[in-house]
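Next come two complexes built around subunit A: one with subunit B, the other with subunit C.
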Partner chain A sequence: MRRAQIKMFETLAVLVVFFFFLIFGASFYFRLQESSLEREFDRNTQLRAVQIAQKSITMPELECSFAGVQRENCMDVLKVQAFAELLATEEAFIDYFPVFQYSTLTVRQVYPSQLEWVVYNRPRGEQSTLLQIPVLIYDPNTNRHQFGYLEVRVYA
Partner chain B sequence: MADRRVAQLEVQFNWVFILIAGAVIIAFFFSVVQKQRSISDQRLAFSILNEMDAITTGAAISKGTAQRLDLPRQGLDIACTDACTCSISVGAFTRDAGDKLIFAPSRLEGEDVVLWSIDWRMPFRAANFLYATNERAKYFFVYDEDNAGSQQLRRLFEDRLPPLVGAEFVTPDDVDCADNPDCVQNENYASVKFIFLDIPPDFGNLQLHESFQETDVSALHVSQGVLTFYERSSRRSTSFTPYRSYAAGDATLFGAVFAADPTMYECNARKASQRLAYVSHVIEQRGEDLGADVALVERGCVYATGPLIGPLWTLATEQSKTITESFQQLPTIADQLAANNEQLIRQSCPTWY
Partner chain C sequence: MPKQGQMEILGLAVIVVLILMGVLFAIQFVLKAPAAQIEQQYKESQLAAGLLTTMLGTTSDCRGASVTELLQDCAVFKSLECPHDDSCGEAGYAINTMLSGTLQQWRRAYRFRIKGAYNAEQIAASWGDCSGEIESNTNPVPTTVGTLQVTLDLCR
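After this line comes the complex of A and B, so read on.
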């Protein structure tokens, strides 16, 4: 009887140790999964930022065109101002949400003078990804190009 | 004797206990593996959907290009509801199409997908249309050699459609199997569309090959900007239900060819009209700013925003709510602005676009 009881307790002890190692291994595995998911989340946010930047750079609402021909990496300052005014209206702000989502779009001129236009602003939370793309800023009134960059801040 | 019996019982009980414990452990691991497999499949589908979203965004802005890309094993489902919510699905995951204007069959399956993008100009670029198809989607363009309108449309499609698109140009005799045993057949296509170029289809007398009975077959009649979509109520049905809509420019004609159904076509046409309204508003505002510039006025640069942009904006706004017969007038209004733009070029003035 005693031997059988000892055997039973031996079996139970093995099981306890086994489950202890199992739980330890599982918690280690799930921690790895969590960090992997966080990396994937960051990657997706960066991908979204690139998409929004790509779309902004090629939008007919902002880009320079001459006789119907688009000039790459160029923004027309009059269009930038008009588009910023348009997006200040509620209807357009809602309609352009699928394009820009939660982000802030700013056109900054750095030379010869420093100016900036906030085209779209819909922040969310503190975490964000920032992309800056050099552009030419064209003024049709003076027929001159200025240097600047498009700043796209996408919120996670 | 009694001791021996007790010992036997205890040993047996020990083995029963071991069996139960072993079964519990196996069941536990089995459930963990099943759960992880399900999570892994979901992650894969979600990841693929993200990738497809990025790819279609890139394809949409690469206007004028046709590219072949790998298709996910689960296939791609694209659909628009009557409320104009268009979505792209991979497996169980669905994502809103957002600002993308995609014309595609309802289901794309196979090894790859062909993405083709062109811009919609009215007369300035207002939006990019993205067309998706693959080798399992077939388009039969039915033309009449004796019909000038039909020949003109045929030349348009022959010249503009990329070689990657499964297009074939046939005559009505090639489609009707009543008198022609060598009529066109289904060669393992998942979807087939017959596009009648300025020839009204006579489905009452038209006899398609029996191989099309189990295929998703639809038709489109194109005639001077008027589009008539024909859909079958079921795969084995021989009757087609017509639905009339309208086109404005070549890009919309291509959209009608690639769209799975008239709902998809009209939803994208309405979204495109909304974009046109916004872009024309920006151009109008820009024109007013240019018109207020004293130096430009002295040079004789005139920007008549009212008569030129106003009608374009008004019509585009109307069509963004519902596509009507007036949609066909957009190119005419756009031509007036284009003519004025040419005038500004000749005067060395800043152009509208």
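After this line comes the complex of A and C, so read on.
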């Protein structure tokens, strides 16, 4: 009778230790998985920001081209202003939503003077990723290239 | 008795399998980490390259000359008469304004320098601590006395 009780306690102790390790391992695993998923989510938002920024600086609605040749990292200020006005209309806004999604696109001029144009604005929630790409802002009226950057804020 | 021995061996085998699973799991996480670092390095080198190209292509306030043209004049003749300063001073002012309006505002440490001609070498700018890792980008600017090496270091 006593031997059987000892055996039972032994089995119980082994089971307790086993489940302790199992729960500890599982919580450790799920915590790592959670942080890995968060990282993956952040990475995807960042990639989306890069995609939107690349699309914006190469799209005919905003880029500057000379004799049909597109200049790299360059935006035409007249196109920027016209496009911002166009996107203020509901119809165009809906058309361009698949391209820009939930984001805010701002063109900021730094030199020679500080100016800014909000091209597209569709915020959602608090969490966002910010990406800045230096661009030349070409003014066809004066034939000058101003220095600035395109700021893309993508909402998660 | 032999049955008990077999059970113990089985128990040991289970422990070994569990340890191996843990080690494989840890290795997977350790190996995954550098990918993010490579991505970051790529983004920073793109930023440095984009900033340099954009800055050099910007039209200055000096007779419609670009920053590249100002640097070329600064390195050789200093013949351009700008409204406020000579070509070296004007180039230095433009570069400082552009870098402080972008990198400094984004709280990114940097170091800008030029090599290849004494006058142009006086144009330098820096902000923040640059003692750690550096992502560097150099653009060559040809002049009649040789090639200027315009370098922008982004510091981490």
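Quick note on the criterion: the second predicted complex is superposed on the first by the 156 of 156 C-alpha atoms of A that agree within 3 Å, B and C clash if a C-alpha of one lies under 4 Å from a C-alpha of the other, contacts with A are read in each partner's own complex, and residues count from 1 in each chain.
As a working rule, contacts are C-beta pairs under 8 Å (C-beta built on N, C-alpha and C of every residue); 3 or more make two chains touch, one makes a residue touch a chain.
As the structure is a computational prediction, the values presented were derived from the model and not from experiment.
In this overlay on subunit A, subunit B fits alongside subunit C without clashing. In the superposition on chain A, contact of A:S65 is made with subunit B only, not with subunit C. By the document's definition of touching, neither partner reaches A:I94: not subunit B, not subunit C. In the overlay built on the shared chain, the residue A:N44 is in contact with subunit B alone; subunit C does not reach it.
Between subunit B and subunit C, more residues of subunit A are touched by B. With chain A used as the common frame, the shortest Cα distance separating subunit B from subunit C works out to 10 Å. With the contact threshold set out at the top, residues 143 of subunit A are in contact with subunit B in one structure and with subunit C in the other. Within the complex formed with subunit C, the residues of subunit A that make contact are 21, 25, 29, 32, 36, 39, 43, 72-73, 110-112, 114, 132-136, 143-147, 149.
Residue ranges of subunit B in contact with subunit A, taken from their complex: 6-7, 10-11, 14, 17-18, 21, 25, 32, 47, 50, 53-54, 57-58, 61, 96, 98-99, 121, 123-127, 274, 278-279, 281-283, 285-286, 289-290, 293, 295-296, 341, 345, 350-351, 353.
Residues 18, 22, 25, 29, 32, 36, 39, 47, 50-51, 53-55, 57-61, 64, 66, 94, 97-98, 101-102, 106 of subunit C are the ones touching subunit A in the complex. Across the complex, subunit B is touched by residues 1, 4, 7-8, 11, 15, 18, 26, 40, 44, 47, 50-51, 54-55, 58, 60-61, 65-68, 70, 76, 78-79, 81-83, 85-86, 92, 95-96, 98-99, 140-141, 143 of subunit A.
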